[in-house]
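So, here's a batch of structures to check.
Here chain A shows up in two complexes: once beside chain B, once beside chain C.
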Partner chain A sequence: MQVRARAVNRFALAFRLPVIVWQGLFFLGPLFFMIAMSFFLVKNYRMEEAFELKNWARMLTRGYVWDSYWYTFGVAGLATLAATLIAFPAAFALAFRVSEAVRRWAIFLLIIPFFTSYLVRTFSWYVILAESGVINAGFGTVGLGPYTLLNTPIGTVVGYLTLTLPLVVILQTVALANIDRNLVQAARNLGCPPRRTLFAVIVPLAKAGLIIAALFCFILSFGDFVAPYYLGGSKPPTLPILIIDTTKSGQQWPRAAVVAVMMMLTLFAIAATSIWLAYRRRSSA
Partner chain B sequence: MTEPLVTLSGVVKRFGDFTAVHRLDLEIGAGEFMAIMGPSGCGKTTTLRMIAGLDVPTEGEVRIGGRLMNEVPVHERDTPMVWQSLALFPFLNARENVEFGLRMRGVGAHERRRRAVEWLERLEIGAFAERNIDTLSGGQRQRVALARSLVTEPQILLLDEPLSALDAHLVIRMQGVLTRLQRELGITFVYVTHSQSEAFAMADRIAIMSEGRIEQIGQPREIYRTPASRFVAEFVGRNNILSGTSRGDAIETALGTFPTAGLPATGAPATLVVAADLVRIGRTPSDGAVPCTLISEEFVGATVTLFLEAVDGTELKVQIPERTLGELNAHAGGSFYLSWPADAGHVLAES
Partner chain C sequence: MSEQVNLTRRSVLAMTGATALCAPFIGRAWASTTEINMLAWYGHGEADIVGAFEEANNVKFKPKYYAGGDNMLALIAQSPPGTYDVILSDAEFVQQLNAAGYIEPLDANDYPFDDMLHDDFRKFPGHWDGDTLFSMMVRFGHLGVSYNTTAISAEEAMSYKCFWKPEVKGKVGHFDWHLPSLGMMSLYNGNGAGLWDLDDAEWNAVQETTMSLRPQVGGFFDYGGTFNSLKNGEMLAMCGIGDWITGVLEKDGAPVASVIPNEGGIQWTESYCIGKDSSKADLVKTFIQYMLSPEGQVKSAQMAAYPGNCITRGGRAALVAADGAEAERTNQVDGNPMDPIALINDGRIHYRDIPINQTLEDWNDFWSEYKNA
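After this line comes the complex of A and B, so read on.
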């Protein structure tokens, strides 16, 4: 029995080893290196190993870094709010108003956008958002515009939504479709009008899934480079753009590492808070 | 029966091609404890859901207190239901679950809390008011579900197999709680179950359903002693069912001819039902007794059911007190003789 148990353990270890090695080599290793690098110095355009707080002191006291930080936080937050609100009616309809077969087809169709490169999908927005584009042509027929949509925060948010909206709809649909219908009927049976069931039972029951969907949207938007660069005009720069700019200007990899670590810490905090909110147990006496 | 509170007349419910309920007529009195009993798929839950408005009848009328309810939406009916799954809200604690109906009716927070706590205390779970639902035991959840349904002081309470998930000893306790509540409140209980013991223990009247139709409505004793159809005789109690031909004052069956009252005209087919607890069993032959071989026994505490086989293969059942089992010296394969008094037989009206 002993021998067999050990054999099984070895098998289990061998089974998990690739993931452990991969994550160690390509995630944890670089992460620690990046944290270490944020304390390195650059002299004559060459990086030197050191343990100095100069990069941190410099970046955390520069106004443009904080402007960029709060701007990124703001547009990513706006995209998260927009995605959540735009996705919800669609997810609600897919979860409650259509048959199982239609729901499966819809989820399949929502996956299709991921077949095409996000970069390509981003560029296609030029046709729609440009001053000579579809939207302004529409406004033009009623004597309005043209409005500047490209190279604005609106462009950035549109780009973020291109990346995240299908995913948010899918996650919300799954969350809503898994609700126990008896609970919705029970609410109505206890005097809850149909419209009121939305906030009285449906949203509370799907809470965890809705929060996880929003969390994914925020994480993807916060770290995205493509949308703010090509549709937002990188003014002001978001943190990913700031990282690129910092590495390009004078080989300041350590300072870029500071920004990257700031982003990592922010996402850890957001993810931890979201998961706490999603799965929080109510006080129990 | 007092004045009917709930009236179903000519009610039909179809789901696509499937007819769940066929032209059902049912009157349930104010303050009555009515059980609707039948095997799964017989339409009993659909009937309950039509009273609640969760299902809308395809044909026919549902009236509550004389008012036609067909078009009245669920949330305006005041027909709370205790669900088989209990359907407690997991995101609310016990007290907030009980408050839900009051909140929907716009009762103020202070008054809501007072009434919810009062009901939780009445059901002896006041100490668990602030607990999460998933930290409560099955019995405690059951009481929260009851409190949640009763806190709005409805005229009628619908119960859909509420005790089916509980342990046997808790079922007996909750039966006591339910009957006591129903007597104290004086409101109508409509109780759907497949369990004979639950229906017989609690209900004033029982409706037996099969394949979307009511087979019989009556008091428990009436249903138990005088089943109206072969289905009821097979579904309720432990009955011996013998088909035969009427000879006027006796019925001729494959096992012999038995004197019985209430038979149709001579020559007509008839079915004799003899409850297992009215059958006498002995080791010595007597006039008119049916010789049998003991196949098996089923022991359920104070009574034992013996399953026997007659010469022609007919299965017969006898229920005797457990304490008499010893003196009978019953063991599988043994020969016995079964008989019953002429007034123990019940002739089915149909067939």
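After this line comes the complex of A and C, so read on.
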């Protein structure tokens, strides 16, 4: 029996090994290198290995770094909230109100935007958000506007939603579609009104999926460079823009690594909290 | 009519063998085209500039594009010697290239110094180390007020003050590079020829002036963003650029223009260097000579990515003959009061440099603060 168990373990390991090797080589390796690089120094545009706290001291004491940090956190959080709220009715309809065939088609259509480059999709918003664009033309017909939508935080959030909304709808749909219908039916049979069924039965049952969808939205938005640069006008810059600015000026990759590590730590904290919230068991009273 | 082809194991093996035997000859035929590795701003390795030279000399350019001198220096620093055969540098960074030993000396006798449109171009700052030439200037352009002609009048555009005009609040853009924008603010503060040589008080004043512009600013853009925002009217004035961007839009019919205001303008200057340890130095020399020839100068002036002014008399004459409209549009006509050469002679143009009393880091730090304000 022991020999057989060992053979099974080897078999399982052989299948797991590629993922472990991949993660080690292309995630953990670069991550450790990035952390190490944040202690390096730059002399004559060339990085020199060192273990100095100068980069950390410099970046953490600059007001603009913290301004960027809180702005990025806020605008990514806003996009996450918006995506979650906008996606939910659509996901609910796809999970509960349409046939299996319609749901499959809808999910296929939600995947289609990913066939096109995100940069191209972002640039297409110029035509819509510009002062002479489609939205302002619509406002113009009722005597309103034009409003400045490009190069504002609104533009940034629109860009983030372009990136994340289809994904959030798909993840929410999957979460809602996997709910045991008998539990929903039981609640209704016991006289629970629709709204209460939604908030007391459906949302708690789909909680893990809904939180994971929001988490993905936050992670993608927090690290996105394209939307805040091209639709937000880099005004103010988010952390990914700050990283680019830092590397462009004097090739301060170590200082950019400090910002990147700050971002990673933030995302680890957010992900850990989200997973805890998603999978914690409700304490029995 | 159709003949069936029977693929037997023997015929497949025979074809594979034949292909394998031919491979070295195919390789040799390709190898006869020499590859030249180029490090340059976007557009310099494109067919409209190098196509004719490639054809005539059986070479193929492999361009690597950068944005900004810092970026260029870093790319070279991180590559082994000999990686780049030809390097296009902003003039203010040539000295640093030379100091770091990244470029080969040039023989001044190989280039048409007698044909230069301006004396300064013969001994351009930073291009010589004593009597040794290290970089050859090929084109230049001027930075000033770039504006939408429907929002700002030509008169108003004659001062950087127009950036503060209430009607363009939220519509002033910045090209996202601290050097030209802060240089312009320094000129607006009246620092003139000393725009890069700022003591503490002058530097503080430049920062104050720049910060006062912040409420007017609608965004910070790269090349594509600058181009788009001016084209679609999102930005009505742009700080940090010049005809190198508005020229392309103007030719497209957009209501934009660039002028050198009364406070003065900044000159960007691009120069070619031969990369250290390049094995194709002779070919690169021929290429630089080509770019300085009348034909090369016309191509540079008409460059699709961004136009640049001719630096030789021969080049200017060829441009007037080949594309009089472009010569007229860019004032590259002798006797025109806005002729770029006349502007230099009038003392209204200052060559772009790096800060003398502050570090680039100081300027970039302030730029980041400014963007966040």
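Basically, the second predicted complex is superposed on the first by the 265 of 285 C-alpha atoms of A that agree within 3 Å, B and C clash if a C-alpha of one lies under 4 Å from a C-alpha of the other, contacts with A are read in each partner's own complex, and residues count from 1 in each chain.
Please note the rule applied: contacts are C-beta pairs under 8 Å (C-beta built on N, C-alpha and C of every residue); 3 or more make two chains touch, one makes a residue touch a chain.
What you see is a predicted model; the values in this text were computed from it and never measured.
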Overlay done on chain A, so just call it for chain B and chain C: clash or fit. fit
In the overlay, answer first, second, both or neither for which of chain B and chain C A:67 touches. second
Should A:196 be classified as contacting the first partner (chain B), the second (chain C), both, or neither? first
What is the contact status of A:185 with respect to chain B (first) and chain C (second): first, second, both, or neither? first
Report for A:207: first if it touches chain B alone, second if chain C alone, otherwise both or neither. first
Most chain A residues touched (candidates chain B, chain C): C
With both complexes overlaid on chain A, does A:144 touch chain B (first), chain C (second), both or neither? neither
Partner chain(s) touched by A:277 [first = chain B, second = chain C, both, neither]: neither
To make sure I follow: the centres are taken over C-alpha atoms, the vertex is chain A, the ends are chain B and chain C. What is that angle to the nearest 10 degrees? 160
Taking every C-alpha pair between chain B and chain C in the superposed model, the minimum, in Å, is 45
Over in the complex, which chain B residues touch chain A? Could you list them? 52, 54, 73-76, 78-81, 83, 85, 87, 89-91, 93, 100-101, 104-105, 129-132, 135, 148-149, 152
Chain A contact footprint on chain C (complex, rising order): 67-68, 70-71, 73-74, 77-78, 100, 170, 173, 176, 178, 217-222, 224-225, 228-229, 232-234, 360-361, 364-365, 367-369, 371-373
Contact residues on chain A for chain C in the complex? 44-46, 62-64, 67-68, 71, 123, 126, 130-133, 148, 150-151, 229-230, 232-237, 242, 245, 247-252
Residues of chain A touching chain B in their complex? 180, 182-183, 185-194, 196, 200-201, 204-205, 207, 281-285
